[in-house]
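The next part holds the structures, each set out as structure tokens.
The following pair of complexes shares a single chain, chain A, combined with chain B in the former and chain C in the latter.
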Partner chain A sequence: MSVLVAGRRAVPRKYVPVLVTACLFAAMFAAGGLRYDSFATGQVVLNVFIDNAFLLVVAVGMTFVILTGGIDLSVGAVVALSTMISASLVTDQGWPSPAVIPLVLAIGAALGWAMGCIIHYFEIQPFIVTLAGMFLARGLCYTIGTDSISITDETYTALAQARVDLPGGMSVSPSVVIALVVVLVAAYVLHYTRLGRNVYATGGSEQSALLMGLPVARTKIAVYTISGFCSALGGVLLSLYMLSGYGLHAVGMELDAIAAVVIGGTLLTGGSGYLLGTVLGVLVLGLIQTIISFEGTLSSWWTKIFIGLLLLVFILLQRLISVRRRT
Partner chain B sequence: MNAVLRHRLLWPAVVLAALLLTNLLFTGTFFAVQMRDGHLYGSLIDIVRFGAPLILVALGMTLVIATGGIDLSVGSVVSISGALACLRISGMDDQNTVSGVVAAAGLGLVLSLALGVWNGLLVAGVGIQPIIATLILMVAGRGLAQLITDGQIITVNSGPYKLIGGGYWLTLPFGIIIVLAVLALTAVLTRRLALGLLIESVGGNAEASRLAGIRSRGVIIAVYTFAALCAGVAGLMISSNVSSADGNNAGLWIELDAILAVVIGGTSLAGGRFSLGGTVLGALIIQTLTTTIYSIGVPPETTLLFKALVVTVVCLLQSPAFREKAFHRRRRPVTAPPAAEEKVRVPA
Partner chain C sequence: MTAPVPILRMRGISKEFPGVKALSGVDFRLLPGEVHALMGENGAGKSTLIKVLTGVHDIDAGEIELGGRKVVFAGPSAAQQAGISTVYQEVNLCTNLSVAENILIGREPRRLGRIQWGRTRRRAAELLARLELDIDVSAPLSAYSPAMQQMVAIARAVDVSARVLILDEPTSSLDTGEVAQLFRVMRKLKEEGIAILFVSHFLDQVYEISDRMTILRNGRLVSEHLTGELGQVELVGKMIGRELADLEKLEGKPLARETEALVEAEDLGRAGAVEPFTLTIHEGEVVGLAGLLGSGRTEIARLLFGADHAGTGSLKIDGRPVSLRTPRAAMNHRIAFCSENRRAEGLIPDLTVRENLILALQAARGWSRPIPRRKQDELVDKYISALKINPADPEQLIRNLSGGNQQKVMLARWLILEPRLLILDEPTRGIDVGAKAEIQRLVASLSDGGMAVLFISAELEEVLRLSHKIGVLRDRRLVAELDNDDDLTTDVLMETIASGARA
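Right, the complex of A and B next:
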């Protein structure tokens, strides 16, 4: 039915946004390679992964939520809360890290679960519930402490400094491996399990899903729990990356995560989009940062303007290509 | 009595009253309004005065949300308009000339207007999802504001400019008069003319309203322009109140407070209907909350927790589902909450 021809193979229309994002990412990478020396290497791409592993994990959780037509503004604050709890328990209280990490993950999931319950059972808009969740999590950070707490625990520092060697002299951090495992598991859940089907169905039309007898309540609560869990995991990865806990970590990360999901071609109205798109979205955001760091001489305000412009160019191109393909 | 109990603004009003009464318990003279030097003074006046920028931004946001959109860029527009006006004034030989200040303020507003048209074109013309379209300006706009101020905080020493956010006129703070004027204008435009209906129909279904002969694109561009203009005025107020422009921090996160105010006021983020009175109530609740935090002495570390608590309570009280479950009220016969509205997203 809705099939269009690209090259020789027919590409179903539903893959077009993801494909466009992928092509534009490649074009951006090529442009960077032409402009800067030593840009077009595999390690640059891997560094994008290393610097954005936590964002990738958070964005995966956000994808689940947005696919059901919801939104989760609390993720940045939950990330910060996770770093704060980890740091204060490990450094100040001297807890062993194998006990701290599961506890942090459980707290994140519990917060997400609670927000999901309020959203579903009391029919309050997700935007507002998760905004309140954001205030709550940031507030909890400040009640733990207003200063940055550094982490000196051996397990944390060892994990932070460890590198997984890849062929060709390249390497990634363990965080990247964890993030990729999360992506793979999430992709499996979304496309090969009942929960995944329910997520897409709920996002497509909650009413129809309900009438079909799908467990809408369970699905909606599950996606916010997943998002809370992913945010907490993102927080653990961020505390490995920063080796500190601070209430002002990850300010505005929710917007980065939402931007990554949307750049990846997922509709905010729900029901349509792919996890691969989200991965590409995170890579695009990371590549923009990399280009700026290669540019080097930008002042902080030109950096912001430049990020905005690149985002604009990207979205415009994506939009133009998709529209032309459709006609 | 029943009509009062079922009024959709009942619960926000109850919360506002509760917050004000809490203040009264801690400060006995909280409700006192005095006349001093021909100006009205008092905590109630202060709440409206300091809440004026938020009310303005939230009014603009209401119309944007009514079309099913959202505008994240208002905070940046706030800082840009204040920065441009202050830059212009600081470059004048005599900062106290009224014509010069009017020109500077006008310049800030014209730029805000242009930014609003830009947002509207991205949403309605190009068809980008509003949250992303305005995210671009939110990020780049902060940079633009810092570019205008060159990363510094510009201070001005101008009597006429100080009037906008800090002065008095006809015994009232000038900011309150601006808010009343904008509110009256918006109310007349949307509730006495067909414009409000058009906005709501575009929010209900942009494609259907286009087929019905409404210029959806024009309406959408108009509401984003209006939102940016409101934000521009708010930016003038904020920078005038402190006689300086801070590109980095002016209006930071005001977009979230504005959206919160709109939603507390009973406007659905799905679009299709809106309540201006509700928005004003919502903004007043948020400002009263800030005042309450100071007056009852909540420690600064826990202010956000307190805010989260109040927001949750307001939203729960407003939710019919919660009230039914919590208070075991009888099911209302006809006015059951409408089912989740089927929204078909079409490129406008």
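Right, the complex of A and C next:
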């Protein structure tokens, strides 16, 4: 058909937000390279990945939720709960890690599933349900223990210290590999499976999706289950990074994850956005931290200020784009 | 001639909502290869019947037979799988997805669970080609006009099931050319043996396309006819259950008035919306605005209501210059604006009729001075009976009312404020003949009572019947202001719209 060979126009508008984020990342990287010696190396970027692998995984789950037009505030607390369960089972109970990790992932997924069911069947705002989930998970951490539990299990420490060597003398941690696999699988699911397309359709218009005969209930419950699973996996990666479990881990991580998704160009109202954007969003957040640590004289609170400003700019950008689309 | 076997048969269907008996004992049948029009006033039960048929609502009594087998639908997807697809008045597709996806989502060609995008796009293009459409299927749906989106919805519906296709007011937002295109598609599908259930408020369209019609009134079946055997006048009589004499009463043209000027706009304009125009509205005068969709009719209304800021010109009310910076300022001058999309910009579906009615009055008084309940009840009863809102129950939730009755509630809400200028933007769109006549009569009597009305409608006859004076718009410019004298006919109006000056 003629439509298939139709020439490509400049840049489809749907890619604009992702491109903006990519340009921003490139500009920040270039600015850092000009300002500081030894900044413009591949390892700096890889370190961003290493330091934020858990956030990336959590943000992937959050992307699914936000694409349907929902929100998941429980992710940070579920991450903390996962580190706490891992640590207490491995260190205090002496469980083997191959048993602990699947159990933790199952608990995270089950929590997400339960929240999804409540959101869908009782028609309650995701904000409220996941807020309750957040308090619940955070509270459960303290029933396990109020202090930090360090992990000395051999498998954990070995995984934490392992490095995957890359050409050019660079290396990444196994966590980064896991996170990237999660990203690739998630991108495949979003773009090449019915579940993924239903996620976009539900976010575009839930009412329409329902009338088109799509399984809206299953889709909505699935995205919260995925988010719960990703939070638990993020918790496992964080316990590798910290080698401890603590009820105060990942405080406010839900907000970082939401920020990363929004800066990555996903519309908070749902239906539009890409996982690549989320990856770039996490990288931008990580790079801000890196630049501030290179600067040395700025306090780490500047990270929050920059993230706040960026978020504002990107939400305004979204607004402009969606307004222009309507007219 | 042997009668063909109906593909769909509904018997004794009843459905009750809290406080409303929407359907009682309705029989309905649909033959393959015919276009069957479902006729009735607002609130007659057309929408409910369709929702029952498509599994959105379950039935309280009765049975549905599809292709000779008894069926019960648990939801829209069950109905679709059984072969019944619906295209609703508001296009129910996802505008964020591509055209191809909208047609095929849920049924994309896959291999090992992986969606094959190439095949999806080819298949979508083939389906559209069957409807004689050639558009870029990889573009997002939002890039196309509502009419094209409607066609895409039909393409989807036909591909999903292709036994029974329900079109619920598909033409209400289409222009003439688009309607013709839709009808071409419908005839094509009919030839392929698909049974089409068609709902429309435009009688001419019903007569043009349908083979048979079923008439409902107050949730009951009135009768079924071949379209050729029932005249328009009889049809309307059956729909509203009384003689058409009521409708004819308004036929006489209103007389022009000699009264004080109420609103005088001089060179009022807004860049990009409407060119500067000069318009005077007198007390008790009905000023009609005629013009094509997008010619600037609504923009004029919004300027006069302060919803948009005027870029140029001045506005005088009672001879004193005013500046209407916000709708609130306009309301203080007792100007009311009943906007064209009542769903998005006005009614609150989860509140009762009474609460919706009182809303604007309460807002005008300020929250610190609540309206006593007795006063509320009095007012609400008065307007419910004046506008014949059905059901006449002030505590009924708005969302349980039909479209026409919602429109009446909207109108009543503004009338309670007793405005001096009432701006009505397409008040009769998407509502039936009976309610239309009631609203027209209401406008006439309001203007007799001294209220000025700015009446915007796409239907020239209606504008002509009600207005003392008609402003004609074309390409966002007020091109002519015509007194409604005996020489003025719809033909003259149409010519003016077409040529830009009085012929």
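Following the convention adopted for this analysis, the second predicted complex is superposed on the first by the 289 of 327 C-alpha atoms of A that agree within 3 Å, B and C clash if a C-alpha of one lies under 4 Å from a C-alpha of the other, contacts with A are read in each partner's own complex, and residues count from 1 in each chain.
Convention: contacts are C-beta pairs under 8 Å (C-beta built on N, C-alpha and C of every residue); 3 or more make two chains touch, one makes a residue touch a chain.
Here the structure is a predicted model, which means the values were calculated and not measured.
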### Query
With the two structures laid over each other on chain A, which partner does A:207 touch: chain B (first), chain C (second), both, or neither?
both
### Task
Check whether A:14 is in contact with chain B, with chain C, with both or with neither, and answer first, second, both or neither.
second
### Task
Mind working out whether A:41 is in touch with chain B, chain C, both or neither, as first, second, both or neither?
neither
### Message
With both complexes superposed on chain A, which partner does A:161 reach: first (chain B), second (chain C), both or neither?
### Response
neither
### Query
Who does A:293 touch here: chain B (first), chain C (second), both, or neither?
neither
### Message
A:194 in the overlay: touching chain B, chain C, both, or neither? Say first, second, both or neither.
### Response
second
### Query
Given the superposition on chain A, which partner contacts more residues in chain A: chain B or chain C?
B
### Query
What is the shared patch of chain A, the residues that chain B and chain C both contact?
205, 207
### Message
Taking the touch rule as given, give the residues of chain A at its contact with chain B in the complex, in rising order.
### Response
118, 121-125, 127-129, 131-133, 135-136, 138-140, 142-143, 146, 205-207, 255, 258-259, 262-263, 267-269, 299-309, 311-312, 315-316, 319, 323
### Message
For a test of understanding, state which residues of chain C touch chain A in their complex under the given definition.
### Response
56, 75-77, 80-81, 86, 88, 92-97, 101, 105-106, 108, 110, 113-115, 121-122, 125-126, 129, 134-138, 140, 142, 156, 160
### Query
Across the complex, what residues on chain A touch chain C?
1-4, 6, 14, 191-194, 197-198, 200-201, 203-205, 207-215, 271-272, 325
### Query
What residues on chain B touch chain A, complex-wise?
72, 126-129, 131-133, 135-147, 151, 247, 256, 259-260, 263, 268-269, 300-308, 311-312, 315-316, 318-322, 325, 337, 339-340, 342-343, 345, 347
